[in-house]
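Here's the structure, in structure tokens; my notes come after.
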Amino acid sequence: MCSAEDRPKVVLAYSGGLDTSVILRWLMEQGYDVIAYAADVGQQDDFEALERKALAIGATAVHVEDLREELVTDYIFPMFQANALYEGRYLLGTAIARPLIAKRQVEIAHETGARYVSHGATGKGNDQVRFELSYYALDPEIRVIAPWKTPEFLDRFKGRSDLLAYAEQHGIDVKSTASKPYSEDDNLLHISHEAGMLEAPELEAPEHVYSKTVAPEEAPDEPARIAVTFDDGIPVRVENLDDGTVRESPLELFSYLNELGGAHGIGRLDMVENRFVGVKSRGVYETPGGTILHVAHQDIEGIAMDREVMRLRNMLSAKLSELIYYGFWFSPEMEFLMAAVAKSQELIDGTVTLKLFKGNVYPLCRTSPSSLYEEDLSSMDMEGGFNQVDADGFIKINAIRLMAHRAITKKRAESKRGGQVARR
Amino acid sequence: MCSAEDRPKVVLAYSGGLDTSVILRWLMEQGYDVIAYAADVGQQDDFEALERKALAIGATAVHVEDLREELVTDYIFPMFQANALYEGRYLLGTAIARPLIAKRQVEIAHETGARYVSHGATGKGNDQVRFELSYYALDPEIRVIAPWKTPEFLDRFKGRSDLLAYAEQHGIDVKSTASKPYSEDDNLLHISHEAGMLEAPELEAPEHVYSKTVAPEEAPDEPARIAVTFDDGIPVRVENLDDGTVRESPLELFSYLNELGGAHGIGRLDMVENRFVGVKSRGVYETPGGTILHVAHQDIEGIAMDREVMRLRNMLSAKLSELIYYGFWFSPEMEFLMAAVAKSQELIDGTVTLKLFKGNVYPLCRTSPSSLYEEDLSSMDMEGGFNQVDADGFIKINAIRLMAHRAITKKRAESKRGGQVARR
Amino acid sequence: MCSAEDRPKVVLAYSGGLDTSVILRWLMEQGYDVIAYAADVGQQDDFEALERKALAIGATAVHVEDLREELVTDYIFPMFQANALYEGRYLLGTAIARPLIAKRQVEIAHETGARYVSHGATGKGNDQVRFELSYYALDPEIRVIAPWKTPEFLDRFKGRSDLLAYAEQHGIDVKSTASKPYSEDDNLLHISHEAGMLEAPELEAPEHVYSKTVAPEEAPDEPARIAVTFDDGIPVRVENLDDGTVRESPLELFSYLNELGGAHGIGRLDMVENRFVGVKSRGVYETPGGTILHVAHQDIEGIAMDREVMRLRNMLSAKLSELIYYGFWFSPEMEFLMAAVAKSQELIDGTVTLKLFKGNVYPLCRTSPSSLYEEDLSSMDMEGGFNQVDADGFIKINAIRLMAHRAITKKRAESKRGGQVARR
Amino acid sequence: MCSAEDRPKVVLAYSGGLDTSVILRWLMEQGYDVIAYAADVGQQDDFEALERKALAIGATAVHVEDLREELVTDYIFPMFQANALYEGRYLLGTAIARPLIAKRQVEIAHETGARYVSHGATGKGNDQVRFELSYYALDPEIRVIAPWKTPEFLDRFKGRSDLLAYAEQHGIDVKSTASKPYSEDDNLLHISHEAGMLEAPELEAPEHVYSKTVAPEEAPDEPARIAVTFDDGIPVRVENLDDGTVRESPLELFSYLNELGGAHGIGRLDMVENRFVGVKSRGVYETPGGTILHVAHQDIEGIAMDREVMRLRNMLSAKLSELIYYGFWFSPEMEFLMAAVAKSQELIDGTVTLKLFKGNVYPLCRTSPSSLYEEDLSSMDMEGGFNQVDADGFIKINAIRLMAHRAITKKRAESKRGGQVARR
């Protein structure tokens, strides 16, 4: 009845896997023109095969977008300026890529006149939230189709076998999508492994799960030494002190950190974490370059950042990590927090020397042109310098509250005892 | 003129080293009866030699107190319940022992009728603050003699050579106090190395500085596996899964963690930190057992602690770490924070399996009778369980703010552009 | 078909108004036996008429529960110990009563063997969340029927006229439920007015809206003076200093504060606030007694609470207010926070004298047996007292960071200028 | 011996009162050339008489500086953007003026080649800290002379009679400095009254103490209505809705708010607060215009500020208020916090209508071009608008944690009971 031009357009985040291939076809069945979209955020994928497959299934167009440079400069580096660490441990590898993927998806929708966007994330995970909050935040008028939360889709596809049957029925190639007994998310910053056989937190994750890092036991017996240089809290230079290799452009620098980290077994993490949707889940992560960068950045801040700025920034970092994990990258509160973080990084310059060895990253020493370290300050003109006798007054003034508390507590305890005696 | 009975008494925290030996003699010179006091907090010391030396110099009495058990149960374990970590890295090894040492010192003053206490900490460091705030907090009437902040003492002893000359003059044995080119603080939880040759943050600390841990490079090529069991966030059992060794009493358990950590090169840290007195300093730390305990505790909390309790507790942990580092262990604000921390630990039970390998501690898996992990919950009766479709409403409600913000920002930007056009 | 015994039971929070009367009947239509439940939390209601009406509509039983004493002692007083104030202004009058109402409702469900609970709160407000989070938190197996979020109900009742038609059709008396052009929630702590004609935040609320307080303009020209006495942060005595009236039991004391506050026009508030469901709403509140109590409690804390405890407690109060407002009264995080709050109140004792005058509450003076006020402390034995010269060292040590920051900033600015010159 | 040119120069913050007049002369005695400096921050002072007096005593120069405009635009308005409120009550009237006074003093020192600055603040108060931290922060090389912390000065002047005797001896006019039995600090934002007869917190402050506000009892029986308009959180227009008076320039606008507030008895506060030096003190404050501005700003934020930005900003406001009160206006942490505050104010535009009546300020209604209020948003295009059914999923997802907590708590309680039974 309708001509093709009248069919509503939807931009689908397409991975080439079984789920999103079925979704692509199913969306066509629902009457949509599907524009397949794949973001290259550094994952190991055959984007040409992916493009062919999408077209074979029936996509009206395929957009493969290289977002790697933008991911490093506009997402990863600012996040590391903030020392973000979810629940004290997780470097937010999946969470940080989602808003960028969503942003480009919305832009493609605008470019192609599509009013709909779609994704294949499940209804129990974090990614659905990260995608959809980003969509809505960037375009309040956008319509979202999330098949894994759509009753009709859920009724029809109750398990993997339904998906496979549908794929076969519609001639969708399923051989190329080798299935692992758990799910993964791969990008420049990390690879995650979760669900399936990894769901049992009481069972150790087998070695074969890991793919971006060698086992620490298999890492070189010789440590590597590198120097990481920061400007305003952003890494601008990495030098391998053993062989003189130098990397300075953001993507090359970060990829080199990944290479070094992977070779030395750095950045493995197995943890139970709290999802935004209220459940706990177990994640197995590999973040080789990010782990090195985090340690290095924390160390350069140690010498160059004011103590009270650090206290306040750390308090905000916890909140900021939560916001990134939950999917609020594009939000007024992130803008608020990042304004302060940017301010905090203005003097975070200098070079940290690190040792990489069998899974560990050790800061060895550091220099900074804005060092607040005492020896470095002693040459400056400050009124009289540090006078030990000043500490006496400092301590006594700090003790006044404590003495008053003790005196009152004692007095009250005595009066209560006295009162008890009196009442007898 | 005065009889000995009239001389005021002072309880001196005595280490047996050059500084406190000179201070002991100098206090006598100032007219005090000196009671030497040494706390055994697990450091490598010859307490018998120390006692002989103090008496030889002229102490009227010597108290050597074994505080190790109390240190573990009343100070270290509660601090680890709180996941305290100063500036995101330092496990507070020196800071946590100081209030206990001060407390016993004040008690001895009360027992012996002394109105004065004294210590040999310098006027630029943290320890003077920790000692004195503890003294004043425990007894507002106590008088503190801190020679390194006393002008007369500082005028007389301008450097090490003055101390040595005074020692020789008064027959104080200086051979037994071998001097290292940096200063150390040793106890059950850690050993610190700082100052002297370590002051330059741009120079790597040499390997020979380390004494509680082997170099990761020298650690066994075979990882060790252990299981740590918690009850209310307190470790109650450690089992070596390789050889079946089990430790259950607090001091034995913690000492065994130190032994394992030391053998596997675990717990080394080199950082520039912020002192309470406003300067930065570089510290080199070894915290073998504490590092294992910290990782294990964080992991068991991952599975057993409610998400929002964790968020709030973490916010308080940062403050609490600062308070411990600064010396406010005995303070109303610590009591306030610890009341909440104790509440947070009521369900923190279970067992974490860890791998120890060349400087690293890896949580491998974990079980908990109060697991909030989804699989573990699924057998419980909850209204309908998790319904994926619910996530749709959850996300949309969360998106409302973001959509409103975007809509307003866009409207305001347009009206400002419009305004500019209009004004032309 | 089914015998009455087989019909599932539902406990409905019943107000006697149009909405819940229709819901009562509609639930019967859906096949439920309805147990009507009304909580007396101090609102102006005719509970006998309410009971007759519920039975007339067809309720199988009616429970009218007097929760006033419990509301004051277990909810209002602990909340005021915490100085809770939502968004810096709102004293949480509606929010604090909801969990108590829900708790009794769940208990009645258990007592009567009902598996369902129901309420008439709308799907855009806060109360639905507060009720349902409380239900689920208290009994994870409970089933909730919320007609205003049920598509069948929403389809059938699109507006007030549909409700009225249904009521007429089923013989439900609607005369007794006089309708105001806005909605209200009344209890011991406050009355709120919102929605309807009050929805426009750009229009002033008319005077006739207010019902618990006289207009400040109409309040007595003579101020009243009262004294409020606290024990552990809980008010235990109110004395009218003008006429000698004394109230000491919780409910009487609080009711008397309401009486005084109402007569003096105290506790009116008109604000736009943020709901948990992501939208803003305008509320007009009257909290006469609560406003007096809040001011008095804050004042007694001023003299009796340690500074740093106050800092930390205030940080937690903001979070705690949010939790109460959102509906998380029964939650692990509330237990966590209240453990700390309880600790903070142990010394909060004493008496505050206040002046009440035409809408305002002025603290005039205060005494406390645990006063930390300096004059009160001066008689205690503390080491040497406050020595003005100590302040010198205190300031200098505090200035070190600031001097270092200035010196570095200047050096960096100069080197950047130098660099620019050099590059030319 | 020395020529006048060789005498070191000191810039003294000179008030014209007894204390600083004596200090001026005493500094000359100590060998300094004294440059008297008086800042006009809006206090009621005769600056011409002050200048004559300083010269008569022997000042080599007198600088009277009008800092009122700068105080309003660069200090007061930014502080009110942050909603700063010390300990929940005090609007920081004294604290905010000190850094500005100190800044100009340091500038004059630089302009005149003086290496010293001096002030007459006592050694137990906050002002000494605020002055000196500002001096040191602005010029780490400056030398500070604080006579009230200088042993020689303290030895010589033990009380008011010593000061009077010295003044008489040196021909210093003391008649013009009428002495009140308490001390005051007066500026554009407020006047404070403290110490002396006000020190007893258990005694009511007498009415004659107040000078910037009429007693609420004496205020007009007719309320006034005004409209305050904000742009980026800064007040840009005040209109008296009764008589049409309009004020738009910062200083005029703020002075007009003071006039209105004073006439209506607004801004009185009597509280016990915590000083930075560890003691509590009682302050009686009058902040007429500031109180109106605070209420108005909070109200416009209610309609225009995102909820989560408000949460975070409020958390920072508490810290920021503490920093201002303590004297850390010029500090890296203030720069950090103000970067975020500035971001938070970008959309804080609109107009609040307020009623002023006998000591109270009531927001009546408000409009904003960036209103996030629901009615105002409904005309915008957002995906589907608010759907009540979404709230169902929102609540259920939020309840998951609570259900899990309850289930676990119950299970654990049962297993403990079971364990106890088993052990019997």
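Going by the order they are written in, the chains are A, B, C and D; count residues from 1 in each one.
Assume a contact is a pair of C-beta atoms (placed from the backbone, for glycine too) under 8 Å apart; a residue touches a chain by one contact, two chains touch by 3 or more.
What you are looking at is a predicted structure, and each value in this text was computed from that prediction instead of being measured.
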Please state whether A-D or A-B has more C-beta contact pairs across its interface. A-B
Taking each chain's centre as the mean position of its Cα atoms, how many Å separate chain A from chain C? 38
Roughly how many whole angstrom separate the Cα centroids of chain A and chain D? 41
Between chain A and chain B, what distance separates the C-alpha centroids? Give it in angstrom. 30
What are the residue numbers in chain C that touch two or more other chains? 136, 140, 277-279, 306-308, 311, 315, 328, 331-332, 371-372, 377, 380-383, 386, 389, 391-392, 394, 396-401, 403-405, 407
Linking chains that touch, what shape results: line, ring, star, complete or other? complete
Chain B-facing residues of chain D, complex: 306-308, 347, 369-372, 377, 380-384, 386-387, 389-394, 396-398, 400-401, 403-405, 407-409, 411-412, 415
In the complex, chain C touches chain B at residues 136, 140-144, 277-279, 306, 308-309, 311-313, 315-316, 319, 328, 331-333, 335-337, 339-340, 342-344, 380-383, 397-401, 404
Can you list the residues on chain B that touch chain A in the complex? 83, 87-89, 122-124, 128-129, 132-133, 136-140, 146, 148-149, 151, 154, 199-205, 216-217, 221, 223, 268, 270-274, 277-282, 298-299, 302-303, 307, 310-311, 314-315, 318, 322, 328, 330-332, 353, 357-360, 362-367, 371-375, 377, 386, 388-389, 391-392, 394-396, 398-399, 401-407
